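Presented sequentially are two complexes of subunit A, the first with subunit B as partner and the second with subunit C.
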Partner chain A sequence: MTARAKPHPDRRAYALLIISAAVTLALHAPHLPLWLPVPAALLLALCWKFRRRGRRFPVLARYALVLALPLGVVASYGTIFGRLPGAALAVGLLTLKLTETETLRDARIVIATSAFVLMSALLFGQSLLQTALVCVALWPLLTAAMSLEPAAGPTRELMRGSASRLILALPIALVAFVLIPRLAAPLWGAPGMQVARTGISARMTPGAIGQLLIDDRPAFRVGFRGPIPARPLRYFRAVVLWHFDGRSWTPGHAALPLERLIIRDRPSRYTVTLDATRQTLLPALDVPVATAPGTLSTAARTLLAMRPVDHTLRYTLESATGYALSPQLVPAERRLGLQLPSDADPRARALAAQWRARYGTDARAIVAAALRMFHYGGFRYTLAPPPLGRQQVDDFLFRTRAGFCEHYASAFVFLMRAAGVPARVVAGYQGGYANRTAGYLLVRQSDAHAWAEVWIPGDGWMRVDPTAAVSPDRISLGATAAAQTAGAPWFLSGWWIGFRNRIDVVNRLWDQAVVGFDALRQHALLTQFGLDPSRWQSVALALGGALGMALAVGLALALREPGKRGDALATGFQQLERRLTRAGCVRRPGEAPVAYLRRAASSLLPPAATTLLTLAGRFAQLRYGGTQPPPPLAVRDWVRRARDFRP
Partner chain B sequence: MIPEQRARNVAAAMHARLLRRHPGLRSGQASESLPITLGQRRIYVLPSGFGVGFGSVMLLMLLGALNYNNNAALLLTCVLGAASAQSMYGAFRSLHGLRLESVKPDLATAGGPVRVVMGFKASLRPRGPLRLVVAGTSHPFALDREARATVSVTLHAQRRGWMQLPALKLESTWPFGLFRAWSWVHPDTIALIYPVAEDGGPPPGRAGIDAQPVPLSRESGEEYAGLRDYQPGDPPRRIAWHASARSDTLLFRLHESPPAQTQWTLRWDELRELDPERRIMRLARWVDEAHRDGRAWMLELPQQTLGPDRGSAHFHACMTALAILP
Partner chain C sequence: MPEATLARIDATQQRLAHALAQVNQLLLGKTHVVRLSFACLLAGGHLLLEDIPGVGKTTLAHALARACGLAFQRVQFTSDLTPTDIIGVGIYERELGHFRFHPGPLFTELLLADEINRGTPKVQSALLEAMAEGQVSTEGESRPLSPVFTVIATQNPLDMAGTHPLPDSQLDRFLMRLSLGYPDEAAERALLSGVDRREMLRELTFQLTPADLVDLRRRARTVDTSAAVLDYVQELLGATRAHAQIRVGLSPRAGLALLAAARAWAMLAGRSYVMPEDVQAVFPAVAAHRIQVQHGANGEVLAAKLLAEVSVRA
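Let's look at the complex of A and B:
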């Protein structure tokens, strides 16, 4: 049975190549501009149609597309370099390659390219789901590689073969993953430079936090040494904003001394696993007592990373929840805490002046007056506030009266400063989902929040959350729940959020174990196993040893042949033959086993002879009769009887 | 002994020893008797061209993943690497334990094709498809459910006599084509190549014929009696081309020959004026014609005399004798 080798991939192989390319395309589609994936998918379908009709893709059309692709990429991104344009180009070229896959070599190029493009899909996100999808996408790819082999079996067998090889690869891959030395510094480029920053930024412009509130990606996760604090206490400060220009709040440029911290409560200890933000702000619960290694503290005791956070980052901190921050105000702080844009928002200023006249220097009374106004003054909480005019604070306080945390925090601090009370805006996160079973707190981007800190003589900076006065639900249930009444989009509806929160524990494990497994954690892990990771030789030795072991085990498995230990019936017969030979009945060359046993029986006396005849009959039945291979139980029975036989 | 020469001798001895110990390594080797089983000592595995290319791509992926500190991509690369490394074992396992049980060359005439049918048997476990490479041509095949396969290969017979079969290469790139496992086997089977019959020429000379010859013109002397399938060894002149074109197989014209034919005596010595190869060709034609005409004949060669006799066995005996003439 000789099958002729066909020079080009046959129809099945081509179909599998199309499927792999389509899967690759689908995995890239979410971050590509719409003009690429849709026509590419159509092109793949067209390629398949051409191939089924036995026709070639028109050459001119192919050249036109090859020319159009880089033009389209440049038109979309302005360049062909970089991560996104590169991915678009690679996906496009992969699709175009399928229009001219005529030879085995072409098919193999498609496979290698697909593998590379699949990997690059992970540059756009490395969640568990994405990684798992990409790994599953290797399945049609490897099946396609198998189908290129001449005289390959039926498709079902190929699929089973590639699946089993992928599953077998997982444990080996894990060992290699743990042991491959990580680079402490990148070899080239600055990864993630072009990527948009995520999370709270050091600048609060109107609508900035609003964008975050509908982003339900995890921002960070916190594992607490002790119990998880109650919801209203979960304020994570990320940045303190001093300067207001009438529109935006920024940290300002003044150099201030580190604020003094008096701890009044037992600090709680916790570890934050922060997803990449591409910026330096590190959220911390309330006021951290000290910095973590590799982090800096601002004067207002928020934390900064030394470098933009490009990868999942873990840091362990201790934070005070009962404290007094900066009980004595330095003049520079006071000046900054009372700064206002010169001539903005006269009505708000007038209102603040009224309070000032009524309560004098009683800061607490002024704060209470402002909160009362927010609570009873017809304000409402909404994620989709009406737009504000140029006099932002006035417009909000006296006209729209609808908004979310950033509006309330901004207006509140404005009023405080206008009333002569030093105040500042703090942006960060509030709330989060406490996963009691896994014992950690999940904080999403949608938990982003802004609030105020007001300086009270003797007590220092005190947190005041004006949003809570408007919508207590925001603090007790979260931004999404608070916005329910305002008609949140479906994907923020309660049950879905609840479901996602519950299964987040898997993502957290993934992030901690895989995504966040950097040089430092590899170091820590290898040290536990008695290796000295600071010497690369020992890591290389461990990696080489593990791979060598895998190689040896593979070889041992590859050398295993069935039947070496297998055929119990044959072994049993040989034993019987040996016994008969000793008794003087030698098997003639070429004599069939059954004939031999019959002949031996004829030379024996009746009881033994009948037993041997029965054995011969059973043997014939097992060896040559009905079911092959013979049922193991029957074989075992025969072997036992043969062993008991004495000539 | 001069040190240089000595070193050369040692090297030659080591080389010989290497080849003795590793019969599968190279093609130009001493032949072995059947059955030939492919054990681990004679199977060699190296990355294929595709394997090297794919490996480079994976190296690139590894560097990219490490550079961008992208652990998901690194894990993917590890999974892909571990999966493709299994190609090494897959290729090896396809060959390991394979046994070449039979090599059966068909009869052939010099200058024509020789069909060689090879029978393979392996241990009962699933294994990937294989390729048999003979004289630069690849013949893919797979084993059936009972782990058997027969592969027929067509070679070119250059000259009459015993033909040593070329070394066979068994190889597999199963499953992903990334690694190639191969083993050379040199079965000691030899094929017998009959001499090619002369195309046209005089009938056996007057002196060579004992009795009065019947006219040799076949057109008048033979009656068309039907068709049968062409068999190797049949003279191509009597292939019924028109009928074959309408059928799947080559058809051969049968002739009813008049039974009473005189006996021919074909003598080597009578063709003294021709060179030896021409003589053999002429004798082969005469033997062929005699056999076809159904007459008895006697062949007298320098060392031996065959016949007088008629029929297939005698024909093959004569042709063999002619084939192996020095």
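Let's look at the complex of A and C:
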């Protein structure tokens, strides 16, 4: 063999590669540290600039970047293992690969890597939007792959071709989705749980819920058997916090007996679809009558999952909204319900002592006094409260007087305990968006809430929401609406939330049908068709049969018109003809292509006419010169020149 | 191909161009027909000229023969012409003591068969057989004709009284049917005021030799026909078979003839491959007399119509 220059991707293929890499980068950008996506995007732009000037990327700079990337990843995450560091590394390497993409082989590597990195974007979210974006991102990628082929036609043709291939692949993907045996938990469930913790946590520190309020993702959805309860009644308990150390509220460690529940009205039945939280806390409407299969109850009748919820979980419950919880307080409960850090917040304690002196043991009167103070004492509701000092409760009650549910719940319970009224903090969700048409309730992370429960003799634990005393809107409209006056960012503005709430019904379907399609439901579905999913032979047979059928259909489509498909020269000519027709030179009936081009040339001015005549001559040679098909490279060249021609 | 051969072929092509120019000087304003008749000659086909008398049929035949350096014979077909009149006859020669064959006008290189439709079917079929076979059998002996043997037959389409029109099967033996028609005004004026055509004919110089013609014919056969051109030819053939006004469409042999003519036409243009334009240029001449039209239709008109109806795919 003679020495030949290795084939290298042309400018269009390179541009498509850059676009694919940029799209991949964009899909990963939301969960990457800022130092990565921005320089990577700049690097892509730089690659394109170098390429256009026909220059190579400086080797030394490339080596420096290759060294810097893992260092940066380690600096950000402390490791290069795991989901996020892995994604950061992959995205970075993909970008760097483009700086050295010279040959066709390089380009193919870029395409394969892009596809892999794109797929890994699904590890960070499987919402309908995310999945659709990944699918759409495959389009430029596939177009780039096709543009590397020797006989690649014009770009529009390639884009149409890759789109049709993607659509053809859909049925195959669907068959594989239904039939390929799935693990009990998704692959992406396990690693990285420390990083992606969302939802209510079992520890409440001022500021922690503040972040959640801005997190607008859906937390869970509730389908009610009966009517959806009114908004002020929609308190979902997730965790009861007993212990306060002066800064944080935690559940505490004491072993308590299950609290007795007296049901006062008909419990309502509902099903919760909980998105992955990577925790065991399960929100339930205040207050669940019994546990659901696979869940545990705490003493305070909040629910726990057996293990962290790392994929969408569904459970059905019954809850009573009218009830009496633990009408007789056991000593351990009383002790915990009055626990306070030994020497913190003297001013709050003094205030509580005043109330105690004035109202004695009348718990209701003390509660009313506290609520009055919150209502008239110059407190305001805000999502961005000023920071608090060491004497947290004092600082809040007597200095800043600004905060959200967490501050109010914390201060309120502190005051109650100091006044001798057993009290505890409850964290959970409140409100939600009731989609009346689809008949379900959507609760977002921004609906996270904290409130208090005080023990009233004879009535048991009663829910008291001090936030409602400060900002009734928080309860009647929702946290974001309540915060409107404080100047919320645009994505929390009313119409946007409203719009997203309305289209959430699509997400719900997606979650139920696709993300929630787990091993159990697969088993149920396949059994209906007489397949035994536990026998791998039957699944393999079905999978093979379905894929074979899909392949046969695809082949039949591909072979439908042999020789006529993929004729880049003909397509190129037709495009040229379209352009000439638009310019006013219409091909006569029966007029031969070359004759037509020559006639068109005769009506043009010299430079264009000469180009067109050359094109006509070249076309004649390619199409008619010789009995063999024309060399693909020459055809590509002609197509490109024809594309560049402007009459 | 060695360089010397290439150079010789180039020289031959040059002389071919000269020959074409010479004939065009004689038949003013008839470049297309003259070119077609050259193509016919180069494709190794026979030519049927259909026209009224006096428009230059004989001049064309004569000029072709002169320019190509071919031996020329002319036979006026009449109702009393017999096959032996054209083939030749064996005559007993006493001195030699056996029959000696006296070849007829058929044993020439270019034969002008004037008013072929006035001959009896017997003579016609004898001639057509010779055209098809390239040889004649007489008295139990087959005698080969010249390797460049070509017939130019003429007939008058209007004066049909007492004629024997050629059957369709025999029309097929002619590669092309052409008609010269009246010259345009300027050409006619030049004709009237110019030198006598017969004198000009005598002054015509040989540009080619029969050997050149054999060479050119071989070369014409090697002109490339791509799949795209074959597609187009097949579509044209198919269109003649499906057309409402055509009783019998073109046969596969007609398709071969069409390709051969198109190859010769492409070679005349100095190309080594056929384009759809070449096929279109020769199509009416090759196809019009071969398609059998419904009553009242005209082959030429239909052929032109078909060219406009069948679109050429890129």
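The working rule: the second predicted complex is superposed on the first by the 507 of 647 C-alpha atoms of A that agree within 3 Å, B and C clash if a C-alpha of one lies under 4 Å from a C-alpha of the other, contacts with A are read in each partner's own complex, and residues count from 1 in each chain.
The rule is simple: a residue touches a chain if its C-beta (ideal position, glycine included) is under 8 Å from a C-beta of that chain, and two chains touch if they have at least 3 such contacts.
Predicted model, so just to flag it, every value in this text is computed and none were measured.
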If you stack the two complexes on chain A, which partner ends up touching A:Gly161: first (subunit B), second (subunit C), both, or neither?
first
Examine A:Ala115 and indicate which partner it touches, taking first as subunit B and second as subunit C; both and neither are also allowed.
first
Taking the superposition on A as described, I'd like to know which of subunit B and subunit C A:Gly377 touches: first, second, both or neither.
neither
Touching partner for A:Phe573 - first (subunit B), second (subunit C), both, neither:
second
Which of subunit B and subunit C A:Gly590 touches, first, second, both or neither:
second
On the A-aligned overlay, A:Ala176 touches which partner chain: subunit B = first, subunit C = second, or both, or neither?
first
One more residue to check, A:Ala145. First (subunit B), second (subunit C), both or neither?
first
Subunit A residues contacting subunit B in one complex and subunit C in the other 563
Touching subunit A in the complex, subunit B uses residues 40, 50, 53-54, 57-58, 60-86, 88-90, 92-93, 96-97, 123-125, 128-131, 138-142, 144, 149-152, 173-178
Per the touch rule, the subunit A residues reaching subunit C in their complex are 563, 569-570, 573-574, 577, 588-595, 620-621, 623-627, 629
What part of subunit C is in contact with subunit A in the complex they form?
224-229, 272-277, 280, 307-314
Subunit A contacts subunit B in the complex at 1-5, 108, 111-113, 115-116, 118-120, 122-123, 126-127, 130-131, 134-135, 138, 142, 145-146, 148-153, 161-162, 165-166, 168-170, 172-174, 176-177, 180, 182-183, 186-189, 191-192, 310-311, 514-518, 550, 554-555, 557-559, 561-563
